[in-house]
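Consider the two complexes below, in which chain A is the common component and chain B and chain C are the respective partners.
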Partner chain A sequence: MAVREIDCLYELCPVPLLKAMKELKTMEVGDVVIIRSDHSCVGANIKEWAVKNQYPVEVVEVEDGEWEVYIEKTK
Partner chain B sequence: MKPIVTWLKKPWPYWVGGILLGLLNVILLAMSGISWQITSGFLLWGVGILKWFGLDPLSWEYFEHFQHYYEPVITKYNVFLNQYTILNMGVIVGSFIATLLASQLKWKKIKNRRQLVFALLGGIMMGYGTRLAVGCNIGAFFSGIPSFSLHAWVFGLFAILGALVGSKILIRFLL
Partner chain C sequence: MSNEMARLIEKRNGAKKKKNQIPFGIILLILALTLCIGFWQKEYKLAICWILGIGIGIVLRYSRFCFAAALRDPFLVKDTRLFRGMLLAMMVSTIGFAVIQYVYIQKNPIEYDFIPGAVTSVGIHVVIGAFLFGVGMVIAGGCSSGVLMRIGEGHALQWMVLLGFFIGTILGAKHYGFWYEHIIEHAKTIYFFEYFDFKIVVLGQLLVLFGLYVLAIWYENRYRKDM
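So, the complex of A and B:
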């Protein structure tokens, strides 16, 4: 299992989601991608997409105004 | 009832925001006589700034079409201090307070040179476009549709087309 990280600080929707979708395509099943963001809507935006596409997803506010979004590639 | 902070921590569903914005716009129109708009304020600031450089934008052909609209503001008030400026300040101060209450305030930096260049280019194109379309998403679309204005529907159609083309460009060249 590999863990990838995408630095999406200072970037707005929909760029973080598009970057995550691109990254997921190159990943193996079981790998996890972490998207780092400081834009409050990114978590909601990515979660909505991940739930719809049945990927396990977790959004954590790691510090004030900064979030990490975890997506596991399951298929 | 939960404290207000918990309501500010997470983005609201679209329908909650939509209903609230609609109601607030009705109240604003009833109380002040203008519907919510953003770029009118910036247009008048632009007029004021160009005046510092000795230009007289109000004599330009563009303003002949909007004389009835901006004349009361320009003659009675000030290009910098008027109801449109108050509206814009309200947006900034309001979102600032909400961000502070949610403890999500964070100074943003510019990621790289490319982001700066594209942000500037996009900003200039949007600013120029809003003045040709007589308003932005807010003034021309959001306030235009409930005013039964035909131009709002034309604006909406082309905003959707523009967003489609824009996302294609974003995915292909900018990601």
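So, the complex of A and C:
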């Protein structure tokens, strides 16, 4: 299982989601991508997209106002 | 979620501890209440506006409702959940404003400038303005309410957006005369209550909104499979 990190600090919606979508395309099945963000809507935004497309997803607030979104590529 | 991902999260974040923000919250609450009492003594309407403003901010923050996303996501990721939420909110406000305006025009003559809920002219300028606002909203990462809410959340970037917002508003106000003279003055104001019965207007608008709602669901189901 490879882990990739995308730095999306200071990036606004919808840029993190677009970056995540792009990254997921290049990944192998079973890999996990971590999106780091400090924009409060990014978590909700990406989670919604991932749940709809049946990717396992988890949003963790690592610090006040800083989130990490984990998405696993399953297909 | 697979076990591997759970372990990864645990490994990365297991030992971290967040700062306690409750004291700041209490200080802010006391400040807000003091201000509210001050407003109340001066003019009770100010206090009501203050409470409503904070209330709207809290609802916006916790619902994560974003008008920019509502209008952007249908195109970008074929997701219309927020857009449908906006349509529902418009249905509710349709009924609310219909009641307010109905009560108003029972007692007063129809004078566009005084009817509650801003009755203004319709024309090409609305399309141009809406398009410009939409482009700006997506680039700035939020509409005007979203920007204010995010400033409250602590996003420093949105201060810059607010500055741009001020500049734009001032420029707009300065040049309004030009636009009014050339485009807006010739546009017609259409107020449906003048032409149709009260019930038909409300029902018609609700039907249009409901039609858009159904269309949004169809659109989402149709294009989601391609992702």
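Following the convention adopted for this analysis, the second predicted complex is superposed on the first by the 75 of 75 C-alpha atoms of A that agree within 3 Å, B and C clash if a C-alpha of one lies under 4 Å from a C-alpha of the other, contacts with A are read in each partner's own complex, and residues count from 1 in each chain.
Assume a contact is a pair of C-beta atoms (placed from the backbone, for glycine too) under 8 Å apart; a residue touches a chain by one contact, two chains touch by 3 or more.
Only a predicted model underlies this, so the values are computations on that prediction, with no experimental measurement involved.
Engineer: What does the overlay on chain A give for chain B and chain C, a clash or a fit?
Structural biologist: By the criteria stated at the top, chain C and chain B clash after superposition.
Engineer: A:Lys19 contacts which: chain B (first), chain C (second), both, neither?
Structural biologist: After superposing on A, A:Lys19 lies in contact with chain B but is clear of chain C.
Engineer: Have a look at where A:Gly65 lands relative to chain B and chain C in the superposition and call it first, second, both or neither.
Structural biologist: In the superposed model, A:Gly65 contacts both chain B and chain C.
Engineer: Counting residues of chain A touched by each partner, does chain B or chain C come out ahead?
Structural biologist: After superposing on chain A, more of chain A is contacted by C.
Engineer: Pick one for A:Ser40: touches chain B only (first), chain C only (second), both, or neither.
Structural biologist: both
Engineer: Determine, under the contact definition given at the top, whether A:Glu48 touches first (chain B), second (chain C), both, or neither.
Structural biologist: The second partner, chain C, only.
Engineer: Scan A:Val32 for contacts with chain B and chain C and give back first, second, both or neither.
Structural biologist: second
Engineer: Figure out whether A:Pro56 sits in contact with chain B (first) or chain C (second), or with both, or with neither.
Structural biologist: In the superposition, A:Pro56 contacts chain C only.
Engineer: After lining up the shared chain so the two structures overlap, which partner does A:Leu9 touch, if you call chain B first and chain C second: first, second, both or neither?
Structural biologist: Only chain B is touched by A:Leu9; chain C is not.
Engineer: Does any part of chain A touch chain B in one structure and chain C in the other, and if so which residues?
Structural biologist: Residues common to the chain A contacts of chain C and of chain B are 10, 14, 18, 38, 40-41, 44, 64-65, listed in rising order.
Engineer: Quick one: which bits of chain C touch chain A in the complex? Just the residue numbers, please.
Structural biologist: For this pair, the touching residues of chain C are 1-2, 4-6, 8-9, 12-13, 16, 18-19, 21, 61, 64, 66, 68-69, 72-73, 76-77, 79, 81, 140-142, 150, 153-155, 157, 224, 227.
Engineer: Could you list, by residue number, the parts of chain B that touch chain A in their complex?
Structural biologist: 10-11, 99, 102-106, 108-111, 115, 167, 170-171, 175
Engineer: What does chain A use to touch chain C in their complex?
Structural biologist: 1, 3, 10, 12-14, 17-18, 30, 32, 38-41, 44-45, 48-49, 52-53, 56-58, 60-65, 68, 70, 72
Engineer: Hey, which residues of chain A end up touching chain B in the complex?
Structural biologist: Residue list for chain A touching chain B: 9-11, 14-15, 18-19, 22, 38, 40-41, 44, 64-66.
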